[in-house]
Amino acid sequence: MMLYDSLAQELYTEICHIPLIDPHSHIDPRCPTARSLDDILGYHYYTELAHSAGMDKSPLAAEVEPRERVRAILYHMAHFDNTIQYQWFIEIARAFLNFQGHRLSLGDATWLCDTAERLMASPDWETRVLRQANIEKVFLTNEFDDALDSFDTNRYVPCLRTDDLVFHLDKPAVRQRLAKATGIEVGDTASLRQALTVLFDHFTRHGAKACAISLPPDFVPGFVPDQQLSAAVRALAQNDPRDRLLWSRGVFWMLAEHCRTFRLPFDLMIGVNRRVYEQGVHQGQDLFDQRTSLIQYAPLFNAFADVTFCISVLSSGQNQELVSYSWIFPNVVTSGHWWYSNIPAYIQQDLRARLQAVPKTKQIGYYSDMYKLEFGLPKFNMYRRILAQVLADDFIRPRVYTEMQALELARLLLRDNVRRIFNV
Amino acid sequence: MMLYDSLAQELYTEICHIPLIDPHSHIDPRCPTARSLDDILGYHYYTELAHSAGMDKSPLAAEVEPRERVRAILYHMAHFDNTIQYQWFIEIARAFLNFQGHRLSLGDATWLCDTAERLMASPDWETRVLRQANIEKVFLTNEFDDALDSFDTNRYVPCLRTDDLVFHLDKPAVRQRLAKATGIEVGDTASLRQALTVLFDHFTRHGAKACAISLPPDFVPGFVPDQQLSAAVRALAQNDPRDRLLWSRGVFWMLAEHCRTFRLPFDLMIGVNRRVYEQGVHQGQDLFDQRTSLIQYAPLFNAFADVTFCISVLSSGQNQELVSYSWIFPNVVTSGHWWYSNIPAYIQQDLRARLQAVPKTKQIGYYSDMYKLEFGLPKFNMYRRILAQVLADDFIRPRVYTEMQALELARLLLRDNVRRIFNV
Amino acid sequence: MMLYDSLAQELYTEICHIPLIDPHSHIDPRCPTARSLDDILGYHYYTELAHSAGMDKSPLAAEVEPRERVRAILYHMAHFDNTIQYQWFIEIARAFLNFQGHRLSLGDATWLCDTAERLMASPDWETRVLRQANIEKVFLTNEFDDALDSFDTNRYVPCLRTDDLVFHLDKPAVRQRLAKATGIEVGDTASLRQALTVLFDHFTRHGAKACAISLPPDFVPGFVPDQQLSAAVRALAQNDPRDRLLWSRGVFWMLAEHCRTFRLPFDLMIGVNRRVYEQGVHQGQDLFDQRTSLIQYAPLFNAFADVTFCISVLSSGQNQELVSYSWIFPNVVTSGHWWYSNIPAYIQQDLRARLQAVPKTKQIGYYSDMYKLEFGLPKFNMYRRILAQVLADDFIRPRVYTEMQALELARLLLRDNVRRIFNV
């Protein structure tokens, strides 16, 4: 994907000089880069698109030889070479593997695999990948019991991911993990609060800069009185749906209280329905319901005026709500372009609306959501190109901003707002 | 409507050389073309827009002299000459009636009527119309008891339309038609299944290539156990809304089972509310509720992994869901730009998103939905122009595709995917 | 904001020559213009954006010195100089205050305040502001007990705003105001009807041209039988939510009946949730729920075929419904671009769809929604520029319209439709 508008191309070049802080990823800091082409093509975008385009799931089994899997996915890529996800892959191959072409075919498999293994084994690979994408820091997604030592928390910023606590506390395994991580057996509201405090204390002492969660369309936050919550927590294992509603809401509200106490922004990724396609590939089963509204979060935003909520939504329809809620609520911030909205047609429209109506200091431009560092470059480049074009068309050509001012706006979106909001 | 971008214009010219297969229409194969201007302007788009713009319904009465009706509609067209539907009409007049102007007025009525009658009476009219639009095959919409002989099922491909079975089986007339068509009196689950099997057998032996239905926003597919379905079928005439829910869902599910058995794709046209404007003109009474979600169809898509569902939606908001569901579910395919989404502003945005995120082999570009063959040309031309522009801007100029590759993509959307998916 | 496309720029210049009729504002006809910069920056768009960007509410207190408030808001404007609302302000400063720059800073505060006070004190200020924006008439928003004399109702057209009657009749103060305004104590359906008749009679005799209301997403109009309504009216003060539903619907339906009798169009502004952000600034607390549908209004549109409903919606998703409902229902008209949809990214897309599918005689292009006349210029200019660009790209360049025809369409949208629909 190239920009063919010379003004946008110039801006893009300048924007690429802004050192990025990536405020949301799934990087494993102990193994941040790919070690083979299989690690690249194992990203769920490729496995799910290959499966959607006709590949059965057998090549994805653990026992299959990685190069066989790569060949199966490359073969099916011919069916989705129109997609932006294919473009990401081409850009990785060209930027990192010295691939010279513009299309890939099965015939390239061996050369690509060989080249990938050779180059990725280089001791400076991680540094080179980060430098080439111009990424300075990467936020992580840490389970509450992840070990937070033995990696550079300055480069890889821990974030407390809380889906398990809010939605899976009825599972004995989750409660055991929580007990082990905190030394506290959760049996009522007080012990639950204690356990969360231990977690937040542990995380913030290890450099955590955000609390994060993904939420289904029907989730409605609300305060749960201590006694009710205690009853629900005691009944946790009984799987009564009324109790589930209570303890889920109760834990969520308590997390917001801890965000306030520990001064952490709360990343809300709103609207995902899990396991919609039951037989889908790993991480390729979730979808959404466009009938989702931020109105459900109004009590939360009102109750926690001193917590910054960084909101991601899944649809362009919901983006208009997000624009409006960020324009009105001081503590609501737009955050990135998530998953099914992370394609140019929607990013462009959603970005234009945000830039026209949300204070520029309240916008987190983009995050990678990546599992391997190599994806930072093509994903951020996609965003940087769209941003450059929107700045050219909506700001510079209509003389709203000078080029200098437009670049300052880009810097806010890609770096300075993240630094200020997350205090990094 | 002309393209003013020369690259898009070139692509458009090439795209027009791709022989079309139109996968959804309402053509009467025994009377496929218009015989007068009245047949053209009788299309509900014109009667409903004229009525919306102030024409009362009296000119539409059967006893009114056709040229009077034409004059009434032409007169009111001056109020909607801004619409794309007006452009379709101009394009028909220019392409088929040798009209030389760019605007039409009441003063043109006589000349147009005379010319239409003269030319449309020509024995090669049907062939000429199809050739000029470059349409090779046209799918039909057949009621379950339509006669399927005495026309060329190679050119006019039968499709079993099932709205009556799923939503109107409580009407004695429908049950009588079903009994007559199948020789089976439906009284329980077993006889219902038998009757459907007779229909599918009859249709597929006569070249039917799809089963189709339109569905209201609140329809939620689901399996109904045999015994429950039998009870609901027995109580059919009693109009109990709970029973209606049961037999509607039961028949629908059974149709999907037959699609599996008979290897027919199932066209789902999701989201239409019937008779919203009660006093509207014929076929100009239906609207939608934007609060419609494909999440309701997840159980269906999961249960019938081996049935291809070709999905049409009514709103651009729902298109984002469709893009996402087609990206994830192997058996979900995007299909055309339907009705209230069939205008350039929405086609363009919806098409861009599909091309960026759905495997190219899983997209049925466009269908005409036409009642008379003359509409194939302007409707497909509208789509071909938008497609050409999107290919120029999103694929060729950014160097994602060469022109050749872009044209191959167009060929998939307009021809090859239809052939493969519907096995024609 | 400048147009950089020369064809669009030419069109814009011509469009600016069309004398506007502004069909919805909140102007106080006895004090229509600003008298200081504080009156300009007191517009809720600036106070809410400044608050959203970090300003606490203390500078907004009545006792604060106006220039202090101006400085506080100007200071925070640096955080939202990316927004279209900031552009409105720059355009006011340049057009009316002889400001020469393209950016504003705190350093400009004194000069701006001095200049504003000096110029706004000029006796011909009102005339000059209207002439510069080329506004001929401005519709008002009048409470049912507003005095309608002592201003020029030819220039400032009264409109009966009915939110209080439909949603706040349970408040003793509202009932007292109603009794005072009409001389009727409302105690049942008959007296309610009498009171409304007195109001409509009073308003229409004083030149009122519309009845208007804003409605929450969950409002579902419907007929309420007289007896039920009487019971609900009698129980008004009891605050039973079932009664509230009844009297709200009953009063609303009765307003529609009066619109029919008095031949007034009914402006429906659909979708606003009040007081969502509880601690927000004055008028900066309301938001919406994208899950709103016009399907709820079908019974109303069907029952009142002879009342014109001018519909405003809050989201681009709902705009597609509005386009479709206006295309089908003769008595449904599109009206302006409201509030959270009143930014270029949404206006452009929503306008394109309307122009492609709704009869041109059924579109009210734009209204200002302004509280002070100075905002007419930048808001209408924003719309005029977007309209000019859409006309250039979708009508003139594709040879759908000549420039002359495009300007006639603009004239319908900005003037002639308002004149005809509201009978001014």
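So that you can tell them apart, the chains are marked A, B and C in the order they are listed, and the count of residues begins at 1 in each.
The rule is short, and it goes like this: contacts are C-beta pairs under 8 Å (C-beta built on N, C-alpha and C of every residue); 3 or more make two chains touch, one makes a residue touch a chain.
Since the structure is predicted, the reported quantities are computational estimates derived from the model, not experimental observations.
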Classification of the subunit A:subunit B interface as same or different, half of numbers criterion = different
Subunit B on subunit C, rotation in degrees - Cα superposition, rounded to nearest 5 = 120
Could you tell me the distance, in whole angstrom, between the mean C-alpha positions of subunit A and subunit B?
-> 39
By the touch definition above, subunit C meets two or more other chains at residues 291, 317, 349
Could you pull out which subunit C residues touch subunit A in their complex?
-> 1-4, 48-49, 51-54, 79-85, 87, 102, 273, 276-280, 284-285, 287-291, 315-317, 340-341, 343-346, 349
Per the touch rule, the subunit A residues reaching subunit C in their complex are 291, 293-295, 298, 301-302, 305, 317-318, 320-321, 323-330, 349, 352-353, 355-362, 394-395, 397-401, 409
